[in-house]
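Each of the next two complexes has subunit A plus one other chain: subunit B in the first, subunit C in the second.
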Partner chain A sequence: MTQTAPRRKLPLKERYSLLTRDLDWEPSYVTKEQLFPYTSYEGVKIHDWDGWEDPFRLTVDAYYKYQAEKDKRLYAVLDGFAQSQGHLGLADASYLNAIKLFIQGVTPLEYAAHRHFAYLARFLEGPAPRFAALCQSVDELRHCQTQIHTISNYNKYYGGFHSWSKMHDRVWYLSVPKSLFDDAMTAGPFEFLISISFSFEYLLTNLLFVPFMSGASFNGDMPTMSFGFSAQSDESRHMTLGLEAIKFLLEQDEGNVPIIQEWIDKWFWRAYRMSALVAGMMDYMLPKPVMSWKEAFELYFEDQMLGGLFPDLEFYGIRPPKHVQDAIAEKDKLSHEVYKILHNFSFAAAFTTQAPSESHMRWLSEQYPATFDQYYRPVWEKHHRIEAGGGRVFFQGLPQLCQICQIPMVFTEKDDPAKTSFRTSEFRGETFHTCSDGCQWIFEREPEKFVQAWLPVHQIYQGNCGGPSVPEVLEWYGIQDGDNGEYKGSPDQQSWVDWHSGDGEQGV
Partner chain B sequence: MSETLRQVGIDIQESEENRGLIAAIRSDNPELTVRHLPGLVKIQAAGQIVINRETVEREIGREWETGEFQLAIVSFAGSLSEWDDDRIIVKWEH
Partner chain C sequence: MAVKALYSYDFPSADRAELFGDDQLVYVHWEGNPVFCSAACFRVPKAMAFAEFVETVVGPWAGSDPDFDPASVGDWRVNGQPLGAPGDAPLTELGIGHKALLQFTA
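For the complex of A and B:
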């Protein structure tokens, strides 16, 4: 009788080495340049791809084991939700407007990220970064799928969730996230790494996912909290990839430093501007707010990133992003200015909006003592007075959009909340408009790229969006009655009241 | 800013299993600041945070691989300067 020896488990470092680097091979029937044609034209110099270290030391077996466990936990929550009428356990049906913005705006970005990381997994020369990119590509596809699956439970009961991928390609405010990813995906591989892995994932996803998912938990939305934390634990790996990418690029060659500094300058501002939508969600769309935009920005960006990360990067000659002081200067105003746009134009959006209640305004006053009562409370009180008289104001007309961030030009000067910030640049005899020094700087750095921007308002005027009238444009967007407009009196609100009064029929 | 005073942080999902993990991190990092937010626990410390496999195993009463930390973590601030079979260290590098 033979005895099998107990299998020896290799130490983590050795296992990682065997399952990444040692699986690589030298090309023999094509040259290295033919195999990897895309990593030279941006001017970045890499001398030793083996200088790349994955601190997680992730191997394929461990990856699938842990991801399977995460999915098991998530789907247990989804089952519990479906079986316990979870859609009724929310703080209020208006909460779901934030989730509508999420599935329309963020879920398609997960898919876009999946596509581009698959490309990096093919074209980066080092086996370790290729494998890290492959894992991230699978992660992003999983995030897209789990978000669709989770949110589809709400689609059975509430409006606004039905045509989100079509909306992402067409609806005006969704060009904000879409244009950011289009910009990143049409850059070279290293700029993509800095834009998405570093600036977006490392500097800013904390603002997007952590307080927002904590808000989902606080508002009774267990499934969103579960997919959010499950996804964000992948994000923590992606953040490591972003940080590793930047350190690797900076260590490889002195000449890389100024190239990367410019990308940090550009992508901090691009990603920060997009997160303005999140600021509006956090401060106005959660019936039970959990943390203000300002507090989250101070905690996650100013303390953790500017106070912790950037002193670390100083070692390589990297300084904080060019326009970071402008972002800090507007932390008291950003969410208010953005939500005013969403409130004014929600007749053409795939979610509903409402003026904040008295108690919500008290919370906003506490969070924003320097600005809310002076600049924003009077606006909302005016809306309340108009509504009490039987009206509801929607801004009729199309706003001017910033050529870079594509947000309507409603931001104000950083030192004057009463003055609109408006910049112009000339290129090839035409005038282009931007909303801030950051966006103007980005435009003037690459005007050939950004003159090609697909601006929804321009496209409507050019007749490319279904027709000249509002109903024609809304139909082209895929918006149906009840998806848009005022929350109070909407089908979602009426169903909510009926279901909770105990005599309404549930479900569709 | 003095290097030793720079904060590092880890956000961990609030769950039964993770209570033992948090207890282990507390016992190995006495200077920790712990803040509860809905659904998550945010821990911060000046300088570094160390997670030792043995302490976690003692707290949760079973074997634990450092890779399982991936199931608990929501986010972090700092650099993962060490991650092997026995411990994880989060700190800034420079």
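For the complex of A and C:
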């Protein structure tokens, strides 16, 4: 019997090189410019695409094997949770309002990111960044799918989980995340990398995702916590891609530095403004709060990014984002101002809200000693008085929106929490309103782009959203009776009480 | 700074006045009342009399605060400028144009 020597297995580095960079080729019957038409018009200069360092050196086979194992673990948790009626172990049914906001607002962004990284995987000139974009594109699709599968379990028992994809395209508060991604996807490939990979995934990802995942774990939501873990190793890869992208672009040409700086200035503010929804969620929507927005902002942004990352970037001539001091100045106000919107308008949302209870207000006072008792407690106490008399204040009309972030114009001047901040710009004879110096600066930098903003309120008034009355608009949104309004007395709360008193039949 | 694009970048505004015909959008902000998170946006006829606007548009909106007293409404400003005594004049004659911001105290 002849014995064959085992085939030599290539070292990882060599395999990676053969399977990624060596699969690149020089075009012969088209020019490089025809093959890669989008990598020059933004003004960014790349002299050597091979200067891109690949921090992970993954190959496709290793990548799929690793992801498949993570999927198996996640789906085992989901099955166990569904079979054991795990939803009854949540802290309270009102917790799920945070998860409704997640599937309506965040999950569609995963899909949008998948689409745009697939585009980068085709159109970036270097094979290494193309491959990194390909992996991220597949990651984002997987995140979208695992989130749908995880969260759809709740759709059997609770309102607000159906039609999330349609809602993302149509509903007013969801135009906040949607318009941010639309803005990024309609920019060039390098601006997209700085917007999503750097400003969103690197600067703010911990602020955006950790609160949801810790909130899930504190409030008994094992499935959401599990998909958080399953996505976490991908997220750290994405953060590394964001950092590699910015360092690569900065090292390639000195002329890139001012272009990148403006994108950091713009995209920090856009991503930060969107994170205001997370701030409201953290401080008001979790029955068992994890940490306050302010504490998370100080830890994940001020300490880690301003204290850790930006001193490193100074070497390249990059300074902290232009309006970063305005964000810091808002940290005692942001969540209160934003949750007020959700409370005012939840009759037109696919989740419910409630005024914070006495014990929750005590927690808020402790977290926000400088502002809560002076500015926000008296207003919530007024809501309590109105509700004790059988009322409930909803905003009888539509709000004024910011042209850039599309959030109702609730933000206040940085030195006065009682004075609403209005900024106005004129362009081609028309007036445009923005909520802050940051949003006004973004508008005035590219007014031709932002005059096209699809502002939900103005679209309703133009007759483009199902009709002029609230019921017609809600129907067009896909919002059903009971998805919306006040939490107390809602179908979700009633079922919850019935199930826990042993009266209710589940899942019918 | 112009938008960087591969083609001539020129698109109309999504909310330009002509799309609203004889109507226009007006924003109303009740200053210093935190029960309402933000200013409201209304679509109203350009020719609507100011007094009618206050009674039929602003009143029902502000009235969802049970402490609202229509008699105390005053100190009107348009885009930051005092409005004087507007009375029955139509909105446009008072300088209240498309997407104007009106503020009052009560």
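The working rule: the second predicted complex is superposed on the first by the 500 of 508 C-alpha atoms of A that agree within 3 Å, B and C clash if a C-alpha of one lies under 4 Å from a C-alpha of the other, contacts with A are read in each partner's own complex, and residues count from 1 in each chain.
Everything that follows uses one rule, which is that a contact is a pair of C-beta atoms (placed from the backbone, for glycine too) under 8 Å apart; a residue touches a chain by one contact, two chains touch by 3 or more.
Because the structure is predicted, anything quoted here is derived from the model rather than measured.
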Sharing subunit A, do subunit B and subunit C clash or fit in the superposition?
fit
Which of subunit B and subunit C A:V393 touches, first, second, both or neither
second
Of the partners subunit B and subunit C, which touch A:P408 in the superposed model: first, second, both, neither?
second
Tell me the angle subtended at the Cα centre of subunit A by the Cα centres of subunit B and subunit C, rounded to the nearest 10 °.
150
Contact-wise, after the overlay, does A:E448 reach subunit B, subunit C, both or neither (first, second, both, neither)?
second
In the superposed arrangement, does A:G467 touch subunit B (first), subunit C (second), both or neither?
neither
Figure out whether A:E42 sits in contact with subunit B (first) or subunit C (second), or with both, or with neither.
second
Does subunit B (first) or subunit C (second) touch A:T420, or do both, or does neither?
second
Touch test for A:G89: subunit B only (first), subunit C only (second), both, or neither?
neither
For A:G80, select first, second, both or neither according to whether it touches subunit B, subunit C, the two together, or no partner.
neither
Smallest Cα to Cα distance in angstrom from subunit B to subunit C after superposition equals 31
Interface residues of subunit A shared between complexes with subunit B and subunit C
none
Under the stated contact criterion, what part of subunit A meets subunit B in this complex?
11-13, 55-57, 62, 66, 69-70, 73, 205-206, 209-211, 213-218, 225, 229, 232-233, 235-237, 239-240, 243, 247, 290-291, 300, 303-305, 307-309, 311-315
Which residues of subunit C touch subunit A once you look at their complex with the stated criterion?
1-6, 9-17, 19-20, 25, 27, 29, 31-32, 34-43, 60-61, 63-66, 79, 97-101
In their shared complex, subunit C is touched by residues of subunit A numbered 37-38, 41-43, 188, 337, 340-341, 343-345, 375-376, 379, 382-383, 386, 389, 391, 393-401, 408-410, 418, 420, 422, 424, 427-428, 430-433, 445-446, 448-449, 451-455, 457-459, 461-462
Given the complex, residues on subunit B that touch subunit A span 1, 3, 6-9, 11, 13, 37-40, 66-68, 70-85, 92-94
